[in-house]
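Below, each structure is written out as structure tokens.
What follows is chain A paired twice: with chain B in the first complex and chain C in the second.
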Partner chain A sequence: MRRTLPLVGLLVGIALGLAIPIHLSLQYASYLSVAILAAVDTVFGGIKSSLLRQFDARVFLTGFFFNAVLSAALAFVGSYLGLDLALAAVVAFGVRIFNNLAAIRHQILGKTKIASPN
Partner chain B sequence: MESASRQIAAFTVVLSVLGMMLAVQYRDVTLGGAALFSTMPDISGAVSRLDAVDAENHRLLEQTRVTEQKINKLESQMIQEGGASSQALLLMRSAALLNGSTNVHGPGVTLTIRDGHLTGFAYEQFLTHDWDLRSVVNELFLAGADAVSINQVRITMQTGIFCIGPLIRVGSAKLGPPFVIRAIGNKTLLTDALNLPGGVLDALRAANRGLQVSKPVAHSDVQILAAGGVG
Partner chain C sequence: MPFQRYSVTGVAVLLGVMIGLEFHMNRTSPAIAYSSYLNATDALSQAIQRTPIVSRQLAAARAQLKTLEDASEHTAKGYLKLQSELRSVEKQSGLTSWVGSGIAIQIAYDPNLPVIPGLRFVDEATQLRMVVNILESAGAQAIAINGQRLVTTSSIRSVMGLNAAQGPFSSAVQINEQPVDAPYVIQAAGNPTQLASVLSAEGFADQFRILDQAFRVTLFRAPHLLTLPAYTGPLPGAYAKESLNA
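Showing the complex of A and B:
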């Protein structure tokens, strides 16, 4: 039962976000999308490390907020330097998300079906 | 067990924040604007850059204004001192008056033309038209006005006055009623020219037009800005 708590949190967050009329100014919308990408990456990283039994709540929480803020800040600075750093964040986090997903898949498959070859 | 509950708590916090971010972004994207910006991130900085350019523009305009004031002061000094250069400067000043590149103030007249009311029989004519303003402006220049403006848009030799829909384009400005016409020159001459029986104002006041045309009012000091509002 307690394992569903994160899912409930996600739903509550979505409901809150839809209910509270927060509107980002158009010029900042792209920074939020980069921050979301960083956040999703951190979540998948957390799932992976929890499957690998290497989970550390402090690393996870600080990583989540730090990555989100830093990537948005980088994209913001980039827009003033004429450099599309948002694109760099999209590529970097995109690659990491797929790596994490692959690791999660391997971990789950390895546990449930295939015995580890090593 | 302690570690497991910490893990669940961490995930709950993170996922609720992520959910909120997703919801906010989703709503902004469905509103339309954000989607455009996320696919064209270059535009996201354009608004702030435009603001910066605007501010820089204002600063430069202000600088131009201050510099022109200084130049004016120096020129006035030179004219007072006399000599050949003062003659050239006087010529230059009259040329500047013609091309509208300086602010002008002095005695003159003002006049206001408003659209009339729809009366049923003159539904096209109750609007002020370009030729109405042109006739007044031409009359003022013929009477020797040094500078004329409509709603503080300076009329120079190159300023066109044309109807665009219900508005009137004067130069590059789009103006709507009331049209306040200012003219600088001999105020008695200008007033008399406008008040000529059967003259331009009488034609505008004709019953089938229904325009509200004020009497020309003489002032001892009328301000007219330079063309483009600089100077």
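Showing the complex of A and C:
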């Protein structure tokens, strides 16, 4: 039950987001998308540290908010400067997500590895 | 640890809210994704420049719509408008009789005129066409010859055969495909003084006198008005219709 609590929270959050009567216009789509990407990166980072037993809730929380807000702000400033800074955030967080996923995969595979016959 | 567990759950909820908002983003709002402030500014200035053009096009379209609605409505107003337009077109195309000021020209053989040796054949159709052309250039609004109203498809032509009228030898004349014999009476609606002056300046009386023809012009002014008949011959499309599939 404890393990499924974040998943339930995610589903509840999606339901809330769909139920909230706020319709953001399309021009804010890139900001929200980059913020979501940063948040997903933080979540995967949290999962990885949890598997490595290095999870720190404060680091996790501050990373979540800081990364999300900073990436959205970067995209916003980039639009004023005429530079697609959102792309930089997408590349950076994309690489981090894949790295985190690889670490999680290795960790899970290492734990569930079939015992050698020796 | 409860803090750790709840922090993860809270983050999951927040992430879910963000994803939910992303799902029901208003994607029907302006379909252009402005990647930068400069692009948006350019688009805005272009839209502002286009506004008066679009406004003019809109006003023209509204006026056209109103005209079409007025013309198509099954009301007395629309019917009267169509009737008025029909009368105007009929009048311009010569399908109605004409009453007004004008002149009448009589061209007839005059045995009292001196016979000039050698000129014993007269192409009367050519002579009539000359008079008609000059009258039209002088501003005649309607012309008829011996009761045949001239319209845009009318013809004045000589046909093989001899005219039975007195005078020099002449071929028969057909106007609107109908045989017309001398004496000829050309009626022309318009300013009588102007029409008569142009004919006089062209010297038609002298030209016809050489051909043993008297050329007499009578002016008609109110209250003695000229009456021109309507064209009654076949109209374009009477025997064949335009093929839209060709």
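Here is the rule we go by: the second predicted complex is superposed on the first by the 113 of 118 C-alpha atoms of A that agree within 3 Å, B and C clash if a C-alpha of one lies under 4 Å from a C-alpha of the other, contacts with A are read in each partner's own complex, and residues count from 1 in each chain.
Rule of thumb we're sticking to: a residue touches a chain if its C-beta (ideal position, glycine included) is under 8 Å from a C-beta of that chain, and two chains touch if they have at least 3 such contacts.
Please read all numbers here as calculations on a predicted model, not as lab measurements.
In the superposition on chain A, A:69 makes contact with neither chain B nor chain C. Of the two partner chains placed by superposition, only chain C is touched by A:83; chain B is not.
When the two structures are aligned on the shared chain, A:36 is found in touch with chain B and with chain C. Of the two partner chains placed by superposition, chain B and chain C are both touched by A:9. Across the two superposed structures, the residue set of chain A contacted by chain B and also by chain C is 2, 5-18, 22-24, 26-30, 32-33, 35-36, 39-40, 42-43, 46, 55, 57, 60-61, 64, 68, 79-80, 84.
The part of chain A that touches chain C in the complex is made up of residues 2, 5-20, 22-30, 32-33, 35-36, 39-40, 42-43, 46, 55, 57, 60-61, 64, 68, 78-84.
The part of chain B that touches chain A in the complex is made up of residues 3, 5-29, 33-34, 37-38, 41-42, 44-45, 47-48.
Chain A makes touch with chain B in their complex at residues 2-3, 5-18, 22-24, 26-33, 35-36, 39-40, 42-43, 46, 50, 55, 57, 60-61, 64, 68, 75, 79-80, 84, 86-87. Those residues of chain C lying in contact with chain A across their complex are 1, 3-5, 7-27, 29-31, 33-40.
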